[in-house]
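Naming follows writing order (A, B, C and D), and every chain is counted from residue 1.
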Amino acid sequence: MPKLTYRDASIAAIRQSMQEDSTVWCVGEDLGRGGVFGQYKGLREEFGEARISDAPISEAAIMGAAFGAAMTGARPVVEMRFSDFALCATDELVNQIAKARFMFGGQSRAPMVVRKPMGLWRSSAAQHSQSLESWYAHIPGLVVACPGTPQDNYSMLKAAIACDDPVVYLEHKGIWDNEGDVNFDEPYEFGKARIRTEGSDVTIVSWSNTANLAVEAAEKLSREGIGAEVIDLRSLWPWDKEAVLGSVAKTGHLVVAHEAVAVGGFGAEVVATVAEQAGHQLKGPVRRLGAPRSLVPYAPNLEDMLRVTTDMIVAAAKDTLEKGK
Amino acid sequence: MTTAGHNFERGRSLLQMMERIRAFEEQACLAAERDKLVLGAIHPSIGQEAVAAGIMHNLEKEDILLSTHRGHGHTLAKGASSLAMMRELLGREGGCCGGKGGSMHIADFDVGMLGANGVVGANITIAAGAAHAIKLAGDKRIVVDIFGDGAINRGPFLEGINWAVVFKLPILFVCEDNQYSATTRTTTMTAGDGAAARAASLGMRSTTVDGNNVELVADTMAEIAARLRAGGAPEFLHAKTYRRTGHTSFDPAGYRPAGEPEEEEKRNDPIARQRAVLQEAGMTLADMDQLHEDAQNEMIDVLKQAADTPFPATETAFEDVQDIGSPAVEAY
Amino acid sequence: MPKLTYRDASIAAIRQSMQEDSTVWCVGEDLGRGGVFGQYKGLREEFGEARISDAPISEAAIMGAAFGAAMTGARPVVEMRFSDFALCATDELVNQIAKARFMFGGQSRAPMVVRKPMGLWRSSAAQHSQSLESWYAHIPGLVVACPGTPQDNYSMLKAAIACDDPVVYLEHKGIWDNEGDVNFDEPYEFGKARIRTEGSDVTIVSWSNTANLAVEAAEKLSREGIGAEVIDLRSLWPWDKEAVLGSVAKTGHLVVAHEAVAVGGFGAEVVATVAEQAGHQLKGPVRRLGAPRSLVPYAPNLEDMLRVTTDMIVAAAKDTLEKGK
Amino acid sequence: MTTAGHNFERGRSLLQMMERIRAFEEQACLAAERDKLVLGAIHPSIGQEAVAAGIMHNLEKEDILLSTHRGHGHTLAKGASSLAMMRELLGREGGCCGGKGGSMHIADFDVGMLGANGVVGANITIAAGAAHAIKLAGDKRIVVDIFGDGAINRGPFLEGINWAVVFKLPILFVCEDNQYSATTRTTTMTAGDGAAARAASLGMRSTTVDGNNVELVADTMAEIAARLRAGGAPEFLHAKTYRRTGHTSFDPAGYRPAGEPEEEEKRNDPIARQRAVLQEAGMTLADMDQLHEDAQNEMIDVLKQAADTPFPATETAFEDVQDIGSPAVEAY
């Protein structure tokens, strides 16, 4: 099994998809030079400029044109550079792409992947650091993917390109260099979580890079004899309710942790679902971790005030166990 | 029987299409106002039929069309079924979008009509993308995107046209300029010399036509289509017309100068003008009246049939959202 | 006390604000003719076209220009016509307006109101019917208002115009003609809910037009001897946690109902907050009502499948009471 | 000592400002690369200083400026403190944005500088709005908005310029054309004749200048500013320059033709060109070298001071979000 970075895993997924299907078309600014994070490196050389297309600084046109192409036989992979810039194409994504198949009574499909690197990236400040996954989970018609590991960035991106729905594909821009084993044959099914660590004392639900922190937290907890089950949801729509409810039935304790602002974050959906469907199984108060409802500052010490850390996850897990006694 | 040089068959068929569009929309307005059978807004194109008829005459079924909220005429002229369209306006089973889209989202992918759009200007980039896919696939089809004069003040106008020119895509952008955007006279909110000047500044060949002269629209479109099919660069057509009705069928449009619509109807009705042309070319009034009556009968019948069609099965409210995580299979 | 429609209450609020403060400036498409729902009727005549400005169909420019003006001494009231079209100006609202004061270290303010008529309006279909209030509640920097009655549409709009933060002001377009008494002297403070009905058996939390349905539900319930406390949050950021937690402490039963899609809706935030902070006080399962994660269809019978109704609220209240026994 | 007709004092002050901008950015790049004190990206404008100096020379403190991610030069020339700016780049207390914005959001409202912007093109509509407020208030100030050549492909370019012309606002839009957008040569992604042609199609008076000739930029801006102050219509300035560095200080920019930046530096450095002009006008080399040294010393000192300044107090991470529902007072 090769060891790949999160970045290279995505390149491998695209390369294989493009080799297998000549309708796959990547489009975005500066793709010819490998993309702003190098996540298209080498592809222009292999597939040429018609299939690895540079684009003008026209996010609305990139998104809209990719959609028109998707309805007309292409399978676009759209690069938005920073998820923040995708807000320049919100009408296209939310009013057009997500709704067309339904509005047109099933006549069309939008088989496309919208790559939107998200999250904190040291001192990128408020316009280059957002995590808005909960927005997209709220929009019928969209699939929402948040890979956290090289393996998942390979298998989820392949699955996203192969599927006929529009997929909002949120890579975390802080972990392009993370390395891990990648099994090219590992299948992925949207809506299936990965149990990152097993445990029977407390359930920790997370996704994207925060799931990596949750794994670290579980290691720390295990040193104190606490068994944490870390569930990496991987996709937020659909999301693996069964895995979460099953784990909570076992542990009776729930911590949900993500990098996005807590208020209105997808953690609220997870907690609310558990409260509705399994509230009686909870043995301690649920704990939800996310950023305060403040903006991402530039200065590193201020930026750190917005972060959910491994230690915060550890503390939250202990807190719910403590209070549940 | 026909004057020299005039393509009589084409002229007749252009008139017929305009009559059908007119009749369809008249019935649709009656369905809305008289019968209260159309609950959403409809935007009639009465008086603008020459644009739809003249352009679509030169498109093949495989060619692609995208349109606006005011898109009944374009859709019908592209070859959609009047019954499926009327059913859609009434939100019925068998509507071209299964009753889920309504007038503002009318579409018939089987005849290459990829949708009206409820968001002004949004189809400009989408249409460019359809043309992009055609070019990527090495297809020979062409794309036409029609939008209103109001749409030229939205960002996608710039972004979509720049895109089409940069990638040299097989597409014609048509500004169907009916002089109004909702209750506003568009020129009052538009800087510079308008649609064609903007298109030209983006490196696009641009033609301006009297959009109520259906023969001229058809002639112009024939040339443009030929150039596009020969691999030419994208083009722009500025078709000047006039919105004779209110913005929607319910809008009395009191904001227009007194007498303006009446004057336009008298002087500049595209159907009347084409009848004059055809009369000149030797078509009898009786023949022309027959086209009118046939169109009227077709659409009266279509409205009746649509009104007799049941509403869609309720479970379709959760169908065709998405394959993965569909509300039809997921509890919510 | 005058009886006014929801529409006329908003006109009164704007008129008074414009009379009191010459920097208030309304801008949007077709405002000169009274606005698309008549919610600016008469104002052009009184204040002239410089202050009741028509605009080109340029949502991004309307939003962006209003923001630039707000930083330069004006107090804009921006009209987006349908909340859906505001998605054409998402970068402006979310990346610029919400973030500027913070990014610039407090140098600027954006005292502006963005009116976005939202919600179901018979057979307007998927691009003219959305309710996205949870999106805006998730964005630091924004205040989010969802008035449900003529009184609130008067006092909240006045407060929104007077305040120095950007306010996303979501009127419900289905209730422009609703009538009610309007007390021009009633003050409003953001973050204070209105207790629409008092009761001690079950807490029903809602906002916008769904709060009106909740009041109807409470009347039905009261006929069956069940006392429902209907809390109309009115603003979603800030929102009145104290009122909700206090009521739940009393009733032990919670129903949250809104028109937006349930998944990722603001109801999740309310339920999650209660689960975190008062889970132990719940005597029955919480119930969350919202639209299924489907799009709004055109046909009236299909559209009805997406609605949260009075009867559904009644049933949910009974269900939690039943299960809690 | 000066040649006839040449405004010596102005020329000297233009050179001085360019030297200060150059020195500031050289130090900022050192702070980023050598000292690792700047953690976010910085976008140098080395080689483009004439645009900032020439335009700002003609603005009053009360006039308003909006800029881009590449905005250090504009901000400094508008009168911001170099120390507050350097502190901002290093994310320190006393930075002009309290360390919360960094290079891409640099702003100094006290000198009318309403912000750089991390979103390409976004300031175009915002700047139009600032001018709108000025007009509503009956003020006499003018607004300048500077953006790059890449920004002309974004929707706000169309929407913002249309807006300014429709409402006849006191604003100058400047396209600072350095020929590149990130790693792309902008012309490859731009249809038609570019910035000035587009502005003209929107009804705007448009001037194109050699943006590395600081005297010419200043002369042109003096005329434009006079027209705007006299109540004239909004205008457009296309300033042609060249991006000598990579897109960010970390970008080696290997995608450019070999020798291009070196050639530009040799032939077209705005500072060298202005030195030649001033030498011609009688300024001594020693005087010019002194300006250079003063600027260098100022910025070396500024970097030292900034590096010695503490980071902001951590509680400021929750301040200045909003008054109502502030995270500083609300639990979350």
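Methods note: contacts are C-beta pairs under 8 Å (C-beta built on N, C-alpha and C of every residue); 3 or more make two chains touch, one makes a residue touch a chain.
Since the model is a prediction, treat every value here as computed from it, not as a measurement.
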{"item": "Pair with more cross-chain C-beta pairs in contact, given A-D and C-D", "value": "C-D"}
{"item": "Centroid-based (C-alpha) most distant chain relative to chain A", "value": "B"}
{"item": "Separation of mean Cα positions, chain C and chain B [Å, integer]", "value": "36"}
{"item": "Between chain A and chain B, centroid-to-centroid distance (C-alpha), Å", "value": "40"}
{"item": "Multi-partner residues of chain B (at least 2 other chains)", "value": "95, 97, 99-101, 105, 117-119, 153-156, 159, 162, 166, 188-190, 321, 325, 327, 330"}
{"item": "Junction residues of chain A, two or more chains touched", "value": "55-56, 58, 60, 84-85, 88, 91, 95, 102-103, 125-127, 140-141, 237, 263, 293-295, 297"}
{"item": "In the complex with chain A, residue positions of chain C that touch it", "value": "84-85, 87-88, 90-91, 94-95, 98-99, 102-103, 125-127, 132, 134-135, 137-141, 237, 260-261, 263-269, 271-277, 279-280, 282, 285-288, 293-295, 297"}
{"item": "Parts of chain B lying in touch with chain D, wherever the complex brings them together", "value": "153-159, 161-162, 164-166, 188-193, 197-198, 200-204"}
{"item": "Of chain C, residues touching chain B in the complex", "value": "29-30, 32-33, 36, 54-60, 84-85, 88, 122-128, 262-263, 292-295, 297-303, 305-306"}
{"item": "Contact set on chain D toward chain A in their complex", "value": "38-41, 88, 91-92, 95, 97, 99-102, 104-105, 117-121, 150-151, 153-155, 181-184, 188-190, 255, 311-312, 314, 316-318, 321, 325, 327, 330, 332"}
{"item": "Contact set on chain A toward chain B in their complex", "value": "23, 25, 50-51, 53, 55-56, 58, 60-61, 63-74, 76, 91-92, 95-96, 100-108, 140-143, 163-166, 190-191, 237-238"}
